[in-house]
Amino acid sequence: MGNTFGRHFRVTTFGESHGVALGTVIDGVPAGLRVSKEDIQSEMDRRRPGQSNVTSPRTEKDEIEILSGIFEEKTTGAPVCIIVRNKDADSSKYEQIKHLFRPGHADYAFLNKYGMRDYRGGGRSSGRETLCRVAAGAVAKKIITGTKVIAYTLQVGNIRAEKIDYGEIEKNSVRCPDKTAAKKMEKLIESVKKEGDSIGGIIEVVVKNPPQGLGDPVFDKLDADIAKAILSIGAVKGIEFGSGFGAAGLKGSENNDSFYSKAGKISTRTNNAGGISGGISTGQDIIFRAVIKAPSSITKEQSTVDDKGKATKISVEGRHDPCLCPRAVPVIEHMTNIVLADAVLAQRLVRA
Amino acid sequence: MGNTFGRHFRVTTFGESHGVALGTVIDGVPAGLRVSKEDIQSEMDRRRPGQSNVTSPRTEKDEIEILSGIFEEKTTGAPVCIIVRNKDADSSKYEQIKHLFRPGHADYAFLNKYGMRDYRGGGRSSGRETLCRVAAGAVAKKIITGTKVIAYTLQVGNIRAEKIDYGEIEKNSVRCPDKTAAKKMEKLIESVKKEGDSIGGIIEVVVKNPPQGLGDPVFDKLDADIAKAILSIGAVKGIEFGSGFGAAGLKGSENNDSFYSKAGKISTRTNNAGGISGGISTGQDIIFRAVIKAPSSITKEQSTVDDKGKATKISVEGRHDPCLCPRAVPVIEHMTNIVLADAVLAQRLVRA
Amino acid sequence: MGNTFGRHFRVTTFGESHGVALGTVIDGVPAGLRVSKEDIQSEMDRRRPGQSNVTSPRTEKDEIEILSGIFEEKTTGAPVCIIVRNKDADSSKYEQIKHLFRPGHADYAFLNKYGMRDYRGGGRSSGRETLCRVAAGAVAKKIITGTKVIAYTLQVGNIRAEKIDYGEIEKNSVRCPDKTAAKKMEKLIESVKKEGDSIGGIIEVVVKNPPQGLGDPVFDKLDADIAKAILSIGAVKGIEFGSGFGAAGLKGSENNDSFYSKAGKISTRTNNAGGISGGISTGQDIIFRAVIKAPSSITKEQSTVDDKGKATKISVEGRHDPCLCPRAVPVIEHMTNIVLADAVLAQRLVRA
Amino acid sequence: MGNTFGRHFRVTTFGESHGVALGTVIDGVPAGLRVSKEDIQSEMDRRRPGQSNVTSPRTEKDEIEILSGIFEEKTTGAPVCIIVRNKDADSSKYEQIKHLFRPGHADYAFLNKYGMRDYRGGGRSSGRETLCRVAAGAVAKKIITGTKVIAYTLQVGNIRAEKIDYGEIEKNSVRCPDKTAAKKMEKLIESVKKEGDSIGGIIEVVVKNPPQGLGDPVFDKLDADIAKAILSIGAVKGIEFGSGFGAAGLKGSENNDSFYSKAGKISTRTNNAGGISGGISTGQDIIFRAVIKAPSSITKEQSTVDDKGKATKISVEGRHDPCLCPRAVPVIEHMTNIVLADAVLAQRLVRA
């Protein structure tokens, strides 16, 4: 279980890192959306490995094949299935460590859970699964036209963007909105890579012009659903909305966003709520940040044990990302698209 | 929608702050669990208002009535329904502000969503709904015997606990594991209360002796489910696991938890993962922190608008908590119980 | 599990025949529907025991209490909880047979399933649970205004209605649309009752003016959902749509409903499909029939065994219905309302 | 929506009759089941077209490709995706009737629902979708070892099997357990085929040695779930369990199955309940019958209208089955496997 996300726009993913293919089936796609293969492929290209010197060199083109649900470039209301075949899977590196538990990886947890594991490339726990989310998000995007999800690398290691220029994001290999910081981040990543190490970071998301009223008041609050969506991405270890962890130190009079009205439009003077109040979008920008841990796969030697509990050393070979932020940006962006599309559909149901 | 949580241990809640009653229906409770009324009531008492000088003075005893699913103090496999009648609802204070949007509250968002709202005491968006979660969590607890969820106030304003003594938690009114810090926190809360203001904080949770293998690899990762559960509590604005936001600045070699084996038991030297790897519990303590914003209801005057957009001032009267941490501790604890009980049941399904 | 029905209009029921109360929580009720207590109570009165000489004499008024979700006689979008307290439960008759398996009842099956059972009045397996469905159906009805679900007793024993006059249905105690047949049915029921026996029957449902396009093409076909809804009522042992089991003997050229157009409106000359084609409502009347077995509780002596497997005789005392049709008519009608309301909401999601 | 079936063993299907491929994703498959490609392919071969003179001549081999979830012939706990590419789709026959509504088909209903339709071969409403169910059922079967689902053609037109010899079923092209009746059925089918017509029938299912305790007491009764599963197959118009529609004419004393005990095993003398009591399997054989309407596609000329409402004649060319029973037998059998596997998993959750 656990391979489906969403209530109305339901995304199911399948496939393993070194299996035949990965893919997604999306149920609940409204009929009549215009979706071309290129609409999806262009988003896939932003996530695929091998796109720069700061990403994994695995040479996958991640070319999609649409199996169902789209007829003459329009969705039909039937489930949309999209697959990507694995072309450059190289399992040889995994054969030699199939009895070792890689630190930071789910090998040990998987074995405990299932009593077995597909050790090749991490199997189902591989970050490669996120390509399915990008494909689904590219379809979700068609449902929330008028709204724009902008994600970017805010921090790598201890280097933080100091200015936010959305126009810069896609111009540098780390997807940072601050040109100067971007350069430093690239250098830092290259340097840890040389050491056989890796580095963490923070991604920030701003949703411009979100519809009002998204999210439900109790368990399916919009922020709760976004939190689940984002934490379901492998390397994410935390999320905060608006003033976030900083809210601990604030008084109500400081943290409350007071309302004002201008030209007939009600708005708030501050946005400490991050655009979500009582779990429901207010219409202000939705703002959140997610922390991404350093990739667990490093060539640097680490202590570990094998599946008999015997102590040993491990150096994780393979073609890995030294920092996940650049490629996680589109993944987080598209998981957000999926949550929003789902919430937009849900909102069709709430009034008599 | 959005009033049900969990896949196998399914908790549905209903009721409004100033309505007839609130309650929960729990479906999926295994037959044969020993559950007495007192088992549930004692947990409710930890959450109820009026328990100390740092909580809301509303005098609700929150006495439960079990309507179904328990026969001769044993669960029968039928859904368990538990209700609590509202006794001390005082809607008079709300009559005068029913056309105003309280800053920080969901009034405006609700109106946009539903085209109407039950303004009395926040209606469905009230924190009073969380009593249902405590009742359900008290039942959930019976499924995860052997595991102990410990929650406590780590921080109030900028005062942070410096030592963690679990034995202290229930001894002070803020539920802080550090006696000295607790006193400072109490003073701070009393002081903001006098100003007609309120204050935020951070709650930390440690799950001792969790089963291994809980959580699913992709969307229903254990941390993703916990994040959703915790963010679905009204005032929570962020969550982080293990090294959390600090992981941004760490290298893989620093953040990875290396394995070792002792007396035949595999463990990790550090616990930066917070007990969850690849979305699956490893058996190490599960550790996370949630930030709680300051309560939105303050008597201090704030700027706002009415539902026609007219600017005005508001002072929110009523019987409110000056800091949510003390009463949020049992709520967060029991939402965690619910997630764990659900995951424990899920785990019964994964092997042939 | 298994206590919730519906995807968008989600009805959860709880409670046992001889417990404190039974009730329903309905999630997904759109905000702004006008619903009074009387709207629901009047439907409950059609189902309650003791309404005529052909129904159980248990004297329950089944008075509802609305706990949540309705404010000033309008739904708010919050879950609606309605409960009915058991007033006339008499468990004394059950004490003496608590170790016996009543033929036709679920006693044996329950014990095997749960390893225990609440033997009082059948516990959760009692037909009394259906009162919750009527309450929920009364709310569902508000969503499908313009459509009318008409249910009636078509057959009791081997007596079948020969004419269908909807105006007659509520005028006789068996709810048969044929006045003459109704009298014969009443006599038959009284006669089997005197023998300490009971009798089966068939209920037919006609949905007038259903919306077009309800139901989904694959698993959630409208007829599949209706079948599940109706078979989930205790005594129903079969269902057929349109030409039903008679279709086995028909050729395609006989069973196909050919299309014609009149005054710009497309219709079919026959309605062998029962108003559902490919799982989707066509706009023609939806027609189906459900067979209701004779009540299992009879005073006539039967052979059985106790829970140790020892052979014995049993005579089931208590206050039982000699024929379920009269009271099953409103239950089936309201389960149909629930399915239709759910499908009407689903239909809001299918187009871009 | 509506493309997923099951709660724990979750089968999602996708694909259109004349699209690129059809397939299924099964989530919730326990890890460690031995499943070979041949295990699935052999079941597909029983359903594929072109297998005899009484089935459609479309020459599809329906060769499966397993994309995920199986590693070294064992399930891994990850979702299993199986696809079949369409090889012999011939859409030319559909081009000319793309504006006509075929009587008995869902063309008209689809257009009303979605505002558009994929007219090629019925698109998503094609019976070809059922191949996905067979693939999923072949996996489900691995979960219910010890139990055997036997389905067969009981009736074609008005010819009914008079003896039930399971050994005969796979020996004749109609899958009838009565050799003599089978011959008559074959002749009848060939004769209606020559007339350009088609014919209906009845399929009976007997589940030998089912586990006790399957099904839930209220909405998810085992018979309700089976009814939904079977009615979700395109041409099925009714279902009955045990004594079925015949129960209308029976008294309680006739229809109740009385218990007896033999060699320490409790059983019932009759099986009018069809093996399900109160929605829960008793351990007796589960028995039900489904009526299958005649295929709607006939070359015989029929009256219809086009999408402008203009009256016209239609003769449906293409490669169609003259009677669905032979190929529906494995489909119904595997839908039953799916329901049982799901219920078997559900049963793991009910006891403390």
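Letters are used for the chains, namely A, B, C and D, taken in the order the chains are written, and counting of residues starts over at 1 for each.
The rule is simple: contacts are C-beta pairs under 8 Å (C-beta built on N, C-alpha and C of every residue); 3 or more make two chains touch, one makes a residue touch a chain.
Keep in mind the model is a prediction, meaning the values are calculated, not measured.
**Student:** Would you identify the chain whose Cα-based centre sits farthest away from the centre of chain A?
**Tutor:** Of all chains, C has its centre farthest from that of chain A.
**Student:** Does A-D or A-C have the larger number of C-beta pairs in contact?
**Tutor:** Most C-beta pairs in contact, of the two: A-D.
**Student:** So the centre of each chain is just the mean of its C-alpha atoms; given that, what is the distance between chain A and chain D in Å?
**Tutor:** Inter-chain centre distance comes to 39 Å.
**Student:** Roughly how many whole angstrom separate the Cα centroids of chain C and chain D?
**Tutor:** Each chain's C-alpha centroid was found; their separation is 26 Å.
**Student:** Counting only Cα atoms for the centres, state how far chain A is from chain C in Å.
**Tutor:** Inter-chain centre distance comes to 46 Å.
**Student:** Of all the residues in chain B, which ones touch at least 2 other chains?
**Tutor:** Within chain B, residues 1-4, 8, 13, 28, 31-32, 77-78, 113-115, 124, 217, 349-351 contact more than one other chain.
**Student:** Mind listing the chain B positions that touch chain D in their complex?
**Tutor:** Residues 8, 28, 30-33, 75, 77-78, 142-143, 217, 345, 348-352.
**Student:** Quick check on the complex: what are the chain B residues that touch chain A?
**Tutor:** Listed in rising order, the residues are 1-5, 7, 13, 101, 103-106, 108-110, 112-115, 124-125, 129, 155-158, 192, 197-202, 212-213, 215-221, 223-225, 227-232, 234, 237-245, 247-261, 264-266, 268-269, 272-274, 276-283, 291-298, 300, 302-305, 309-311, 346-347, 349-351.
**Student:** Which residues of chain D touch chain A in their complex?
**Tutor:** 1-4, 8, 10, 12-16, 19-23, 25, 27-28, 31-32, 65-69, 71, 74, 76-81, 83, 113-118, 123-124
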